[in-house]
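I've put the structures underneath this note.
Both complexes below contain subunit A, partnered by subunit B and then by subunit C.
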Partner chain A sequence: MGTYGGDEVAALVLSVGHTWTQAGYAGEDTPKSIFPTSVGWVDLPAEADQGDDADNSEDTQMQDVTQDGASASDSNHIGKKDADGGDVAPQPVGAGLVPSKKKITKRGKYYVGDGEISCWRPDMEIKSPMKDGLVEDWDALEQIWDHAFLKRLRCDPTEHPLIITESAWNTREIREKLTELAFEKYNFPAFFVAKDAVMTAFAAGRPHALVVDSGGDMTSVVPVYDGYVLRKGIMRQSLGGDVLSDQVLQQFKASDVEVTPQYLIAKKSPVIVGQKPNVVLRDRPATPSFHKMMQMRVLHDFKESVCQVAESTYNEQNISTRPQKPYELPDGYNFNFGTERFKVPEIMFNPKEFLKNPTPEQENFVGLPKLIFNSAQSCDIDFRPTLFGNVVLTGGNTLFPGFADRLHWELNSIPHSYKVKLHAPGNTVERKCGSWLGGSIMASLGTFHQLWISRKEYDESGSNIVNKKCV
Partner chain B sequence: MASSGVKVHQNCIDTFQELKLGKALKYIIYKVSDDLKSIEVVKQSEDADYDNFLKELPEDDCRWAVYDFAYKTADGGDRNKIVFYSWAPDNARVKSKMLYSSSKEGLRKVLNGLAVEVQGTDLDEVAHETVLEKIRR
Partner chain C sequence: MATGNDVREIFQLKASDQVRRVQKTERKPDGISRELYGLIGNNVSTVAFNNPTYKPKLNVSKKAVNWTWRPFVNPSRDDDLVLQHWEKTRTDPNEEYRFYKFNKSINLISFSPEEYTSHLKDPDWTMEETSYLWDLCRRFDLRWVVIQDRYEWPPQEADRLALQYYNGNNLVISENAPNATKKEEEDTPMKDASAAASGSGESFVQATLGGDTSTSTGATNAATATASGSKPPTAAASTSKAVVSITPAKTRSMEDLKHRYYTISRILTKIRMGDASQAVEKAQLLSSMAYDKNREIERKKNLEILNTRTPEQIEEEEALYLEARRIDQNEKKITRERENLLRLLNTRDIYGPGGPTSAGLAGQVGVAGGGGPGTGIIIPSNSITIPSSSSPSASGAAGGAGGSGHSSANGPLSPSVGKGGAGAATPGGAAGASGTTPKKRKKAPKGSVQADDSAPPTPTTATSGANALKGSSSSNHRRPSNASDGPGGPSSASATLPPPAVKKEKLTPGAYLRSQKMTPIVSTKQQRVQSALVTLGLPFKPAMPTATVMAKWDQVQSNIVTLLDIKKQADKLESDLKVVKMRRGSLGSGSSGSSSAVTGSAASGAGGATGGVSLGSNVDGNFGVKREGTGDESGTPGPVKKKKRKD
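Moving on to the complex of A and B:
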């Protein structure tokens, strides 16, 4: 791999989002690998720790003695519950102690990659290392990096420079830690961090742009001017595809329809429209996080298959004349969806009206047009015409049919004197992987080599160099 | 800033000085050289016809340009302003868009005396009246 093409070694390009991770080689126009940014693991039983630590085992024994009577019935009870639920690992010694031990339980082997995390295992927890565009769980992130470089790209990190993308509001501490990770753990010879919004803007041919990115867990609007992020104009809220999926789930629940993911289904037979499913379930107890992820996959498919955005202001009467679309859940339940399929993405434009049972945080959500408007308005007045004239759409959640048309319509309905031009690449890859693609092209330019943080520079200046070279 | 590191050929600056100081040159078109290593002058012209200038901007590739824009002020006085254009039409290849966007700052900062900057992705955005409006603002 490293020697392919002779003189030039391709850089690796990695973009870790909340939902998807994209990894590949610089100069290519799509990522070699796209896999979920989620890791799975099973918590190790508490007693596994006891051998390591003398103090610990003393503690447990004492508790064992004091709780003797109670814990016998307790553990019986729990054991029974476990058996009902089909739990694989009954814990005879420490069963009664598990709750108090929760904090020091260690995670067992990690599972990464689509096939691994979607494979049912009792007690497997699922988590994304990213939250709100920031790294939250470093252990899990390392697993994602490992998987990307070693399992997917199968390359030797010491032979390739690495460029990664980050959110516009990433912190100095996180960038430094990422730099350390790249140089200390993986021994990359060179490293660069690029802002995803800037890469997206550049890939759209616009050094000045207002980048609207709507993904799984959030939506952000980032003004970019001359290739710099205007920090005070960054607007974001955690209204993304996951909230929409959750709403679909609630809607189903309200009409007494259970969303049963594939892993629970043993046998199903066809039923007529709107009838209760005729299904035989498997006995597969799972953690809430695993069940949720599998449900989200079904809902994701539902959204992709039937949902659509009204091209102008939502009008129930007009919408009800639009054709319905059938959809069948994994358990065989099927229904024709009419207005419902428009109401779901409508939440992006009018959360106050369409978001049902909002949490306190969700009550503060504003519609996307307003979010964009607020972002541009908080930038210097001289920049605003250019920003409004270069709105760039990116992220999977913007791919609903009609989304771009509607956004354009809405932005023109807000009173202001600017000419709005919306750039929404028709090419799905460009829309989903815009920032990856930007990083890929940039890192492939022969002239870019002078901008990398080299191993030597890192050794001389430490991780803080990232805040000087990659601004 | 994340920039491509593409170098600006000395000729770019010299030609610009000629446009700025002499009154003969009307516009200059710049591009990235074929080996992607530096920015060079594609064309310099004394033709004052704006439509001819616009014809120099390809439909499916990016360019930069400098135009010596002559206009009349509200009270009828003659004025000139030097306008910088970044041209990146939507149907240019992504690679080209990325290359030009990330190299623009390198060129612009060595051209001293630019009054206005125009980012164009379609002919409307670089039309005579659009630019004029921007200059007068």
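Moving on to the complex of A and C:
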């Protein structure tokens, strides 16, 4: 036991990304629960709870009503206590640790979890609390935390220390608010905020690393020195899996193919390759955000099952000799995809050329190799060889077949005299949950326990203690 | 295939039932684990067998160890956070936390304000900044990469507070003010801070940066206040303003920081360890703190250069390196070749007058002496290189130049060598003195123009005068060398017949055939010598082998051998030259000039063997033609002439 330095204190590890939220116990090798970070929100008339229809069973409604009553007083109480929410949205319930899937506020109702948000409701808006690695919507974030701790892990927060991961460029204010949330609302006995890049490096067993993380809405390169993020070397751009999926959508549009999500399809019959689908649609009016999310799911699936990265430079001739892959959309339309399936992930390496109809912001995107190179270049010259020797690849968007090979190839073809070593876990879970895993490892180390922010410290110093202890 | 059983059957033996299949299992060597040996040993089976040999036994006799979920306190913490973990029940609950011993921090030498003012002052640093550096060093345990990354002077308020928090109250300087600020900060409701920040990290940072600038320019500290949450400038804020001295925002390189740190550490060590008893320890400490900033900067700059080489540069560098290695390795071979060459040339002189021979050697030495050993070697090699088509006329010029040259011996020579200045004159003169005629000839072609500059005769006159001069010019060539050697005697010798070769005749006892006295020719050369004889119109064997004829014959033969050798060398060098030229590419007139000089010299070098013209055409055309050429030039010096004379 002493040999590996572990000492479990039953800590919880939570990692909220733009796309996925991962929650579990420290010391385990996979998160107990992974669910989408997006939440559904239905506006409700102040008193009458009529939002749900056919999809929701009657008794859920009943529950909602009862909870509504109970929580109204709760939220009022909290509302008085923390007045910082502004007038945008009053503080939702939560202090009462009542496991409740559907949070009721005065004005509406949240839906969290895969099953809930993908269920069609006419007025349900979908939103993600995270943007560019920063928390944007605190109400939604609270829903996520509630869901993770109370619905999924079903634990008593007062019994477990909590460690969460944050992006390397997180702001002071956000961390302070997170700290406040952890101590004020959930009463965790101890809390810690770790940088996801450092945690990823940890999971890869490296104190020094150049962490390349390409997730849903961000791609970032972060140099890590002995467990510390080097702020000056952080490079990031909002080019991630979502942009790629969006490009797929544009491709489909250009070839006049409609992407119809599952929830709209009542009946379909098989058609031959390339033919218009033969489908009967349902009349299900939905909010644009819901429709978009459902469409994106289809596109993500298409992308994840069909697309591939050319192992060395993109060469149309070589690519066209590669085997095509068939894919069938939910409405029955099917096609064999050849060069198209290589073009999409190519955006990561050569956005200038492959990104169609870029927005002004997107025009400034640079290829991933360049981003990595720039990041390393902004570090001390003595440290660069170490960085190049410890490039750690993480994030769902790097899971395209051939991605790691290509990146390695590209990094070697930029002129420099360093030896490039790419660490890319072959295990999908490890690649997607790198930062969670690092948190899990770190929070179960005996030497780590002196770093926790305790309740007492929080009470004494206030929430900005987090900026003093977690650097 | 026949098995053992088949064989037994054939011999009608009883099938042995004890055909035990002896499974030869080699013993696994010690030190290799069984699994590994299974993979690499010679008993590798294609199918992995998975029959576990280890059978877990239920140990009923031993009692299971009890574990308890037990609270513990970590002494590394200064609060009393109680966490829970599993422990063996039988361990003492009051035992110190197992991981406490890993809580180590580095020992920084800290300084007091008094010490600072008396010893550590630096015009480039304020005390505040220095102590900020110290805080960072302590905070990040001297991880310089991180320190440099986080270094920001003047620091953001929040950063400063965080540092202070970490370093506890052992701050040396500006104790009070920051504390006040800190308290103030804590009192400020959190919400204000977050409300002030618009949520975007950048904008926040920008605001703070602006604050730093304004602070540094001496404006009020309002901006700092903004950073810590848009509160109005309060008393605390103004105190903190007093603390943050008015320094322009600086960017400090890692070298700056390290330099400051190590300098101070060294000074403090020196002051504190005044004791003689600690001298050794002190010296050790000091040497561990040595830091040469400029060298570091230089080193990093060079590293940068090294790392920003383009692939072409790297390639070129590698090619050059290989070339250098090759040259290094070939050096021996090349010098050996040159020696051979020299020997070749000198041996020719053996047939010349006794004087010149020694003069030749002396001349070579002289060359070496004149131009330094390097040039000394190079010059002879140049002189031997390849003939060019221009050589025929050149030889005339050479004669002319030589003719005129003897009056102003050094004049024509120096340009031909291709290096100006007095230094050139020396080797040139030496070359002339060496009496290796080729050298002088060589000069002529390339140097003819130059020679005209220094020496009166124009090319035309030189050529026209060449015939007239020929006889004398050749002797003139020799002359300087002889002259330098001493008595002028040899001149007459070269004009007429050279004295008979100094060849000792072996006295064979008894009667012998004259033909036995013929110097045998190496079989590999025999054929070529014979064909040369044919072109000369000579029979393979002299019809009338009298003593004189035989002597001549021998001479002719050995001359032919020498000639062939030289020709071979010339060919080789010419092809070498071609390769070099090709490599040099189009380097314009400069290179062509020098190369023509080389060619010219080559021509004359070769000419030395046969007589000026002949070798030039020798290489190009057939042997016979030259022969005629040589014949014309009766005045040409050297053994060839003798050959002609003979026929």
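Points worth noting:
What we mean here is this: the second predicted complex is superposed on the first by the 397 of 471 C-alpha atoms of A that agree within 3 Å, B and C clash if a C-alpha of one lies under 4 Å from a C-alpha of the other, contacts with A are read in each partner's own complex, and residues count from 1 in each chain.
Criterion: a contact is a pair of C-beta atoms (placed from the backbone, for glycine too) under 8 Å apart; a residue touches a chain by one contact, two chains touch by 3 or more.
These figures come from a predicted structure and were not determined experimentally.
Touch counts on subunit A: comparing subunit C and subunit B, the chain ahead is C. When the two structures are aligned on the shared chain, A:417 is found in touch with subunit C, with no touch to subunit B. In the superposition on chain A, A:202 makes contact with subunit B only, not with subunit C. In the superposition on the C-alpha atoms of chain A, the part of subunit A touched by subunit B in one complex and by subunit C in the other spans residues 226, 228, 446-447, 449-450, 471. The touching residues of subunit B, when paired with subunit A in their complex, are 1-7, 36-37, 62, 86, 88-90, 92, 94-102, 104-105, 119, 121, 125.
Across the complex, subunit B is touched by residues 29, 192, 194-195, 198-199, 201-208, 226-228, 386, 389-390, 421, 423, 430, 437-438, 441-442, 445-451, 470-471 of subunit A.
The touching residues of subunit C, counted against subunit A in their complex, run 74, 76-77, 79-86, 97-99, 102-103, 139-140, 143-146, 148-150, 158, 161-162, 165-166, 185-186, 190-191, 193-195, 197, 199-201, 204, 254, 300, 303-304, 306-311, 314. Only residues 2, 5, 7-10, 82-84, 86, 134, 136, 161, 169-174, 176-177, 180, 189-190, 225-226, 228, 230-233, 379-384, 415-418, 446-447, 449-450, 452, 454-457, 461-465, 467-469, 471 of subunit A touch subunit C when the two sit together in their complex.
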